[in-house]
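To keep things simple, chains are lettered A, B and C as they appear, and every chain counts its residues starting from 1.
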Amino acid sequence: MNNTDVSDLLAELRTRGPLVQCITNSVVTGFTANALLALGAAPAMVDNLEEATVFAGIADAVLINVGTINPAAGETMVATARAAGAAGTPWVLDPVAVGGLPLRDRVSAQLVPLRPTVIRGNASEVISLAGLDGGGRGVDSTAGPETALEPARSLCGRTGGAVAVSGPVDHIITADEVRTVSNGTDMMTKVTGVGCALGAITAAFTACASPADAAFAATAVWTIAAEVAMARASGPGTFAVEILDALHDLSPEQLERLRA
Amino acid sequence: MNNTDVSDLLAELRTRGPLVQCITNSVVTGFTANALLALGAAPAMVDNLEEATVFAGIADAVLINVGTINPAAGETMVATARAAGAAGTPWVLDPVAVGGLPLRDRVSAQLVPLRPTVIRGNASEVISLAGLDGGGRGVDSTAGPETALEPARSLCGRTGGAVAVSGPVDHIITADEVRTVSNGTDMMTKVTGVGCALGAITAAFTACASPADAAFAATAVWTIAAEVAMARASGPGTFAVEILDALHDLSPEQLERLRA
Amino acid sequence: MNNTDVSDLLAELRTRGPLVQCITNSVVTGFTANALLALGAAPAMVDNLEEATVFAGIADAVLINVGTINPAAGETMVATARAAGAAGTPWVLDPVAVGGLPLRDRVSAQLVPLRPTVIRGNASEVISLAGLDGGGRGVDSTAGPETALEPARSLCGRTGGAVAVSGPVDHIITADEVRTVSNGTDMMTKVTGVGCALGAITAAFTACASPADAAFAATAVWTIAAEVAMARASGPGTFAVEILDALHDLSPEQLERLRA
């Protein structure tokens, strides 16, 4: 994909306004919903067991983020992923902090076989997630994206989807190829929920494109919005505000910043 | 009510600083609390069963918003509405996304007979809420406010209170009359929690005025603050920040924008 | 401590980047995480029973804030405080709205004997917390910080730590001494989570300093950041954004504003 393809896909997304169901962590719900609205999607945070499984058949895409999981939420996540699969609704798994925390590890190990359309995480999370069944976790919080390539490929083999590894250079991996996006700013690590919002934005794009194209376009759009915001921000507080304005108005001209 | 009446009521609210208990959804808690503080009210998000029923007798008003309901929260909502009624504390029901989602539909059907002082929602939610007992739901997410007038009146007949229907033109309905407010901006639909915050602001005003006056003043104050904010904002991120500043400083002169 | 000591401690904190586990209320999770990131710490909102007790042995410090407690959260709080104590991890208790609300009163009465490193609250909360076992609560929501000195000292006698009482003048109390900080702005009371964020910032400093030094430095840094933000803000919305920018860039020169 080049910047014209991303631009076309963003235009299509804004026209369709996909309904994105989010089962996400309690820290980032508001920021995630605002990022989806700024993108042109419609967020719906339906996350109780009874309704979430119904809604997975209505929504255009689903996000499951295990950041502040608890036992009831874990049960809802598995049931909703199953319902999404049954309904043919694409869904994204964000395995926040997986690797060494028992509840999210157990639930994530149940979620991978349900075949998420896209898995999005940092290198450590992707390595940990790939190793959950094998016992050899080898978590390293300083792991670079390239160390996650082989684990990501093995996950793609199990899900049939794509894996997006966030980092200074973002990698989008499928069984057959690796694409990179080299946009963004360090300030993205100084605001909570920037990675989690990318998971939601990725879900929105899965309603309009293949897994790899969705992950690529979401990463491009969000990291370029971050660059636009950074030029206007004077710190993490203003950055978190400006990135929403930037995403809302992102233009084809701005997408020419894409460094793929 | 004209802009002078609204201005007087806002001044009274700021002097009294009503304590508003919020049982609301997890996406908007922070924005709702900040909107109440900017208004001049005191938010209290006490939402566990044991304490919520105690607090409903201490608070000046209560908000119940079913946006991210779960079974335990539903039980707390019903018990708190009952406690508010017993204590004579006015309360507002915001039936977010009611109509086709089973848990919130069941709980909302229990809440209406407990006679909320004001019901606040969009047209689809009000139509759905009115139809919950009758089976004839007829939900239409594109329903205009005018299609909600008759359902709203039937709800007023059951609650003895008012119903506020949000939309491009906001309608405040009682058994006897319909009032309208034509302020606001489309950007209100691009930020999560703008409608939910109006529910909380309405609750604050119920501590100082009749149901219909409270709903009217809350709608006027919030939609005019939105217009003031829009003039300073460059997108949804800055709008969500500026609306709090605008509400905090809203003046009698600015309330002259009221188009009732 | 003078402003140079605070500046040195802030530099050390930024170098070490302590991992701060937060079990906090649902209204302020995002703002709290952003405040910790702006400070230079790493937030982790791990709050389910199973993982929270594991994480208390990994984290550099723990915050327990009872603001939106429920029965399951209360159980997690007590178990996590116990795990933190066993692991030698310092922890901060923020007894939000304690005094007359039964669940948080019971849980807080269990938490004090587990010896929090620092207790942070307003005068009413500290007075109430000190009286929970004695029955003589004497809660007064208008209590000034000086009325909390004796109750705070009695808490210090039980915990061996420090108590920080927020107010127009902040007081940091140990068994042996009282220090004051006279910085800040009234606008801090118009934004939700400003006090709760101070609890988290205090926890971050407990990873680098004695209880009293941690509470003093946290209070100094946060209230001076508030003054810097106030000069740039035009209301509570912009203030909440600017305080994060100000904290992120807080300099030794700005810390010379300290009025201890």
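Observations
As a convention for this text, a residue touches a chain if its C-beta (ideal position, glycine included) is under 8 Å from a C-beta of that chain, and two chains touch if they have at least 3 such contacts.
All values derive from a computational prediction rather than experimental measurement.
The touch graph of these protein chains is complete, with an edge between every pair of chains. Per the C-alpha superposition, subunit B sits rotated 120 degrees relative to subunit C, a value rounded to a multiple of 5. Distance between chain centres (mean CA atoms), subunit A to subunit B: 33 Å.
In subunit A, the residues touching two or more other chains are 26, 30, 240-241. Here subunit A touches subunit B in the complex through residues 26, 29-30, 33-34, 37-38, 43-51, 54-55, 72, 240-246, 248-249, going by the rule given at the top. Listed in rising order, the residues of subunit B touching subunit A in the complex are 25-28, 30-31, 67-71, 97, 100-104, 189-193, 233-238, 240-241.
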